[in-house]
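Take a look at these structures.
Next come two complexes, and both contain chain A; in the first it sits with chain B, in the second with chain C.
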Partner chain A sequence: MPRLVVGPFNRVEGDLEVTLDVEEGRVARARVNSPLFRGFEIMLLGKDPRDALTLTPRICGICSISQSAAAARALADAQGLTPAPEGERVAQLIHGIENVCDHLTHFYLFFMADFARPAYVGRTWHAAVEDRFLATQGSGARAAVAARAQLMHILGLLAGKWPHTLALQPGGVTRAPGPRDKVRIALTLRQFRGFLERELFGAPLESFAELTDPAALMAWETGDAGLFLHAAADLDLDAVGRGPGRYLSYGAYPQAGGPAFAAGLWAEGRRGALDLSEVVEHTAHSWMQGGPRHPADGLTEPDEDMAAPGYSWCKAPRMAGQVVETGAFARQVVDGHPLAVALARAGGGVTSRVAGRLIEIARTQVLLETWCAGIDPDAPFMARGMMPSDGEGVGLVEAARGALGHWLRIEGGRIAGYQIVAPTTWNFSPRDGDGVPGALEAALEGAPVGADEDTPLSVQHIVRSFDPCMVCTVH
Partner chain B sequence: MTTVLWLQAAGCGGCTMSLLCAENPGVFETLESAGIDLLWHPAVSQATGAEVRTLLAEIEGGARALDILCVEGSIATGPKGSGRYNMLGGTGRPMLEWVRRLAPLAGHVMAVGSCAAFGGVTSAGGNPSGAVGLQFDGALPGGALPQGFRSRMGLPVINVAGCPTHPDWVTETLMLIASGTLDAAALDDFARPRFYTDHLVHHACPKNEFYEYKASAERLSEIGCMMEHLGCVGTQAVGDCNIRPWNGQGSCTRAGYPCIACTEPEFEEPRHAFTETPKIAGIPVGLPSDMPKAWFMALASLSKAATPRRVGVNATSDRIAVPPVPRRPGD
Partner chain C sequence: MDQIETFYDVMRRQGITRRSFMKYCSLTAAALGLGPSFVPKIAHAMETKPRTPVIWVHGLECTCCSESFIRSAHPLAKDVVLSMISLDYDDTLMAAAGHAAEAAMADTIERYKGEYILAVEGNPPLAEDGMFCITGGKPFVEKLRYAAKDAKAIISWGACASYGCVQAAKPNPTQATPVHKVITDKPIIKVPGCPPIAEVMTGVITYMLTFDRMPELDRQGRPKMFYSQRIHDKCYRRPHFDAGQFVESWDDDNARKGYCLYKMGCKGPTTYNACSTVRWNEGVSFPIQSGHGCIGCSEDGFWDHGSFYDRVTDLTQFGVEANADKVGFAAAGVVGGGIALHAAVSALKSAQVKSQSKPTVQNEEA
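After this line comes the complex of A and B, so read on.
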């Protein structure tokens, strides 16, 4: 049985290696390896709890603000502190911009370039895709990089820089925006809406966000989204890369009356409540010691001998013993977006994950505009709290790539425990204690492999459809 | 054309993400216009898997000339000196080995970011992965490459330090190399490009008037100077961050949080909380490094006594509470 090792696997954030056993032209088994260990959870031990705000964003240069937000919430939780409402609103704005930028980077730089490959020459859409998405050169890729850089001016204004800001704090944000900032932010958001409607959707973005059924989605013809959907239909991309069918979201952007995108666990056609006590990280197939544990009681002890059956530095988180998928598509399914739910019921493959991100770009743009319009420049943007010398806190956020949790324990004024379960830890986990493959590993089973392919295209589409962030995965 | 190979080692990828924020023109247009041929970059290039392994083999075998090797992220030396905490996927070899093999073949070697330069955040807190910089281990010379290493063009590793790096620091260093105008005199004692390290973060900091009077913020979100209480070391840290803003109009101090000296070796272990100034008998330790302490204390107490009410009130407010009195013609 031929075995393929695919790596270096690029246009994902960080380091990834995928090992495939191929039988009769299809992937029979896949093993996903996160080949980088840094040990942030160990570094944090013994430090002042506030230092988590400096160190955890530096786990990841692409989800930096998500890590900031999770650390700030864990610290606020430990302090019993409610952030100043206007501070929380500005923090959401900062976080929402990072998430939209990440979706844009994924679509224009990481994912679509694969359809410009010579293997697709002759397809009706190939020339147009090559013109728009060829890596570093496509007109769409360059326009998206410019639009992203301009949108990030809002982060320059509110957060000083991106990535790696200290602007998000447990009580709010460090800089109070004035009326002038507000009109400037609104201007930048209008410019970005212009990019989305001109280039990405080729139509008012509300009309994309309001799609309800998969047939209407596949009939979408305008903009770069239309180009993708044309290729996706031609290649039947939703038939490959199907996930576990269980979707996790911690709920995105808390606000009065509940998060803007709902929290929950969607399985068997309906959304159920989350029970965080059911989260367990396995280490049976990881180069990690310590066995199955809840993150509040978690350990990070690397196995220096990298002994079998371990094959990744990633732990294997499970929810109530089961594999779940997280990310933009999961978030939209859990939120009950009718198109996302219909796609999930139909099986939820590669096309669905990318469509989930497109829906979310459109919906988040509307949220960003609403939050900006709602800023009250006269209000306080920071509430004060007192760090306890002993305590615990949990910080849950939705990063671009899905559910991110920080579990913090403070003893004697110092960090005594800090465990992080990142979105790609869920999606790209190795096998668990029962030998059950992780979400990507299972999604790769059955992927077609051409006789002359050493780096199968279908595998690339499936892997990149998850938008993995490998530096967050192991941290 | 100047060929560039970019590798990501044990880091967060944030220097690449920052580089994508380059503007006027964007990063791809900048490189193209400067005659820089990006042979491969892990985040943005077309090639993946076997195609990349072929390229690496060509460079390693000498079949393809490499002008600049850029490394982002620190080099993990653990466990047990093997470097196996960071394998380059698909190659079966640690990044430590790849860097040692490829660096001598490159015309210039660039460490992009403080991790690649000195170890950086990856080496914080007991350094679980044994992370070092390319040619420094913290402030000590000698990292993954020995202290005496020189690339083919005769320079040590060029340390474009920062966490993250400003996009212009990276593109301008690349353009200086490509134009043949970067020499040893253009680098400081830590081999950082002087075009940005000859400045201090303090230069053009919008809190300068507060600093003049030592009118200090006491808590984050107050707009006064953050040196006395909130851990800001912008008066000592190198970087043109306030002269050349970030993401349009930003900088750390402009956004109301302290400079943590992210361009400096060992910034990741300040030996106190990042956002709190350590003090001895109420006097901040770590005053400006090139000023006699007694002078500083004398000037500080004089200027504190002379602080205008406007400056004093604003320092502990979260926005300007007392505006300047408009100057009228003839006053």
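After this line comes the complex of A and C, so read on.
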């Protein structure tokens, strides 16, 4: 039985290696290894709780605001503090922009470049894809990088700098935008909408967000989205990389009246409530000790012998004992977006995950515009709280790649416990205590492997459809 | 060695117009603090010199340096620089994947022995024989040593490569170690910051590619042109510090008036970087402008100097209308003797003087 080691993966944040057992031209078993470990949870111990706001964003240079937001919420929770509503609105605006930028990066720089590979020469769409998406050179990729830098001016304006923003605090944000800032933000958002409608969708973005059935999606012809869907239909990409069919979302952008994208656990065709006490991190197949445990009393003790059967630094989180998938697609399914739900019912493969991101880009742009229009420069942007000398807090947010949770415990005014369960920890987890493979590991089973392929294309597409962020996975 | 194309050839091949090229040259001159008379010199150098190959590797890190660079930099400058360096090896951005990519690196090293610049993002963890960061089946420290052996010079991007950064925070579980403690026989330029400002990164790399030599460094190995000035001295809120007007708590009246953030733990008085002049996200703002103090992310050990919200306590004696020089001098003394020296010299001027005195291209650091 041939065994393939695929990796290191390029155009991935952090390092990743996938080991495949191939039988009769298909992947029989996959093992996903995250070979990078830094030990943030250990460093945080004994520090001033507020320092989590500075340290945790540095887990990741691509979704640092998500880490920052989760830390701020965990600290607010520990203080029993409700953030100032205007502060929360601006924090959401900041976070939403980062999420959209991440989706854009994934589509234009990380995911689509694989379709420009020589192996696809001769396909009807290859020349067009090469022109738009060839790594570092494609006209689409370049336009996206420019549009993204421009959108990030808002982050400069509201958050001082990106990445590793400092403006997000438990009580709100440090920067109170004035009326002039508001106009500038609205203008920048307007320009970004122009990019999306001109290049990505080739149509008003509302018309994409309002799609309801998969046939209409596959018939979408305009813009770079159309180009992707054309290639996806040709390669039947939704038939590969199917996930566990259970989708997790903590709920994105909480605001008065509930989050903008709902929280919940979607399984067997319907959404159920979320029970956080059911989260358990296993360590049976990790180079970690001390599992299984709930993150509130979790441990981070690397096994320095890297003993078998461990094969990754990543722990294996499970929800009520089961594997779940998280990310933009999961978020849209849990929120009940009709197209996303229909795609999930049909199996939810590679195409679905990418479509989920495209839907979310369109919907988030509309949210950003609404939030910006609602900013009241005269209201307070920060509520004040007192850090308790002993307490606990949980910070849950939806990062671009899915559900991110921080579990914090304070004793004697210092951090006594800090556990982070990142989106890619869920998606790229190794096997759990029962030997059940993680979401990606299961999604890879059955992927076709050509006789002479040492980095199978199907595997590249499946892995990237999850938009891995390996530096967050193991932190 | 093969005949290497010139920068200009590369740019033309990437579809960059002559007009954009000239614009790039003037932007570069401006970024480096050089006068308009340097524009034709830069253009001439780029038209006639073979381009300098660059290998860009990633160790224990969060990739924020690359992200800062590709997301925030002026699109033109970033485009041009990326088109130059991506020809060789960068594992986050390049097109090739897996072992083909590793082979591309070996090939670049072989072809440009002793000629290429090694750019390092992140650092090697040394604990457990380097097992905490494995790329291509080998510890990153081995890859770093291998790539460094035949490099002409090394750029340490960011606080990770320069000093260790947060992953080296106590108890430094993986023994994350800055590049200069592993590679001791090569010239190393530190470009600290978490991440460094995009314009600073493009400025440093363009300077090296254009003039084929290292920029002038301070005693810590940082390019003087960007790291010789204290955030505090160029901060637009400095008058409020001198007047004793401070923010007392987040979003209070004083915060809305833009008073000084010293009492909120701002590390501007002990930090040397270009944030308060170059600013971030294409010059839009910087942390202090967003109402949060500086955390000193371009200084060695910033992650272990007590809480980020503690006041700079070694800056004790000042009062309303205290003499700015006195306060500034006290702070500089804390940071180290060398800094007082170079703080006096204008970064721009020193870069100019150096360039004027050496008009021809030399390889002195090679």
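By our rule, the second predicted complex is superposed on the first by the 475 of 475 C-alpha atoms of A that agree within 3 Å, B and C clash if a C-alpha of one lies under 4 Å from a C-alpha of the other, contacts with A are read in each partner's own complex, and residues count from 1 in each chain.
Convention: contacts are C-beta pairs under 8 Å (C-beta built on N, C-alpha and C of every residue); 3 or more make two chains touch, one makes a residue touch a chain.
Keep in mind that what you see is a predicted model, and the values were worked out from it rather than measured.
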{"item": "Fit-or-clash call for chain B and chain C when the two complexes are aligned on chain A", "value": "clash"}
{"item": "Partner chain in contact with A:Arg384 - chain B first, chain C second, else both or neither", "value": "both"}
{"item": "Which superposed partner A:Phe428 touches (first chain B, second chain C, both, neither)", "value": "neither"}
{"item": "First, second, both or neither for A:Pro302, with chain B first and chain C second", "value": "both"}
{"item": "Partner chain in contact with A:Ala113 - chain B first, chain C second, else both or neither", "value": "both"}
{"item": "First, second, both or neither for A:Gly160, with chain B first and chain C second", "value": "both"}
{"item": "Contacts of A:Phe195 with chain B and chain C, given as first, second, both or neither", "value": "neither"}
{"item": "Which of chain B and chain C A:Leu134 touches, first, second, both or neither", "value": "both"}
{"item": "Shared contact residues on chain A - chain B and chain C", "value": "5-11, 13-15, 17, 35-39, 42-43, 46-48, 50-51, 53-55, 58-62, 64, 109, 113, 116, 134-137, 142, 145-146, 148-149, 152-153, 155-167, 169, 172-176, 302, 304, 306, 313, 380-382, 384, 454-455, 460, 471"}
{"item": "Chain B to chain A touching residues, read off their complex", "value": "8, 10-18, 20-23, 26-29, 38, 40-53, 76, 78-80, 84-91, 121-122, 124-129, 131, 163-164, 219-221, 245-258, 260, 262, 268, 272-276, 318-319"}
{"item": "Chain C partner contacts - residues on chain A that touch it in the complex", "value": "5-15, 17, 35-40, 42-43, 46-48, 50-51, 53-55, 58-62, 64, 84, 87, 101, 109, 113, 116, 134-137, 142, 145-146, 148-149, 152-153, 155-167, 169, 171-176, 302, 304, 306, 313, 380-382, 384, 454-455, 460, 471"}
{"item": "Chain B contact footprint on chain A (complex, rising order)", "value": "5-11, 13-17, 33, 35-39, 42-48, 50-51, 53-55, 58-62, 64, 105, 109-110, 113, 116-117, 134-137, 141-142, 145-146, 148-150, 152-153, 155-167, 169, 172-176, 178, 302, 304-306, 313, 380-382, 384, 454-455, 460, 471"}
{"item": "Partner chain A, residues of chain C touching it in the complex", "value": "14, 58, 60-68, 70-73, 75, 78-79, 82-83, 86, 91-102, 125, 127-128, 131-137, 165-167, 169-174, 176, 194-195, 249-251, 255-256, 275, 279-282, 284-293, 295, 297, 303, 306-310"}
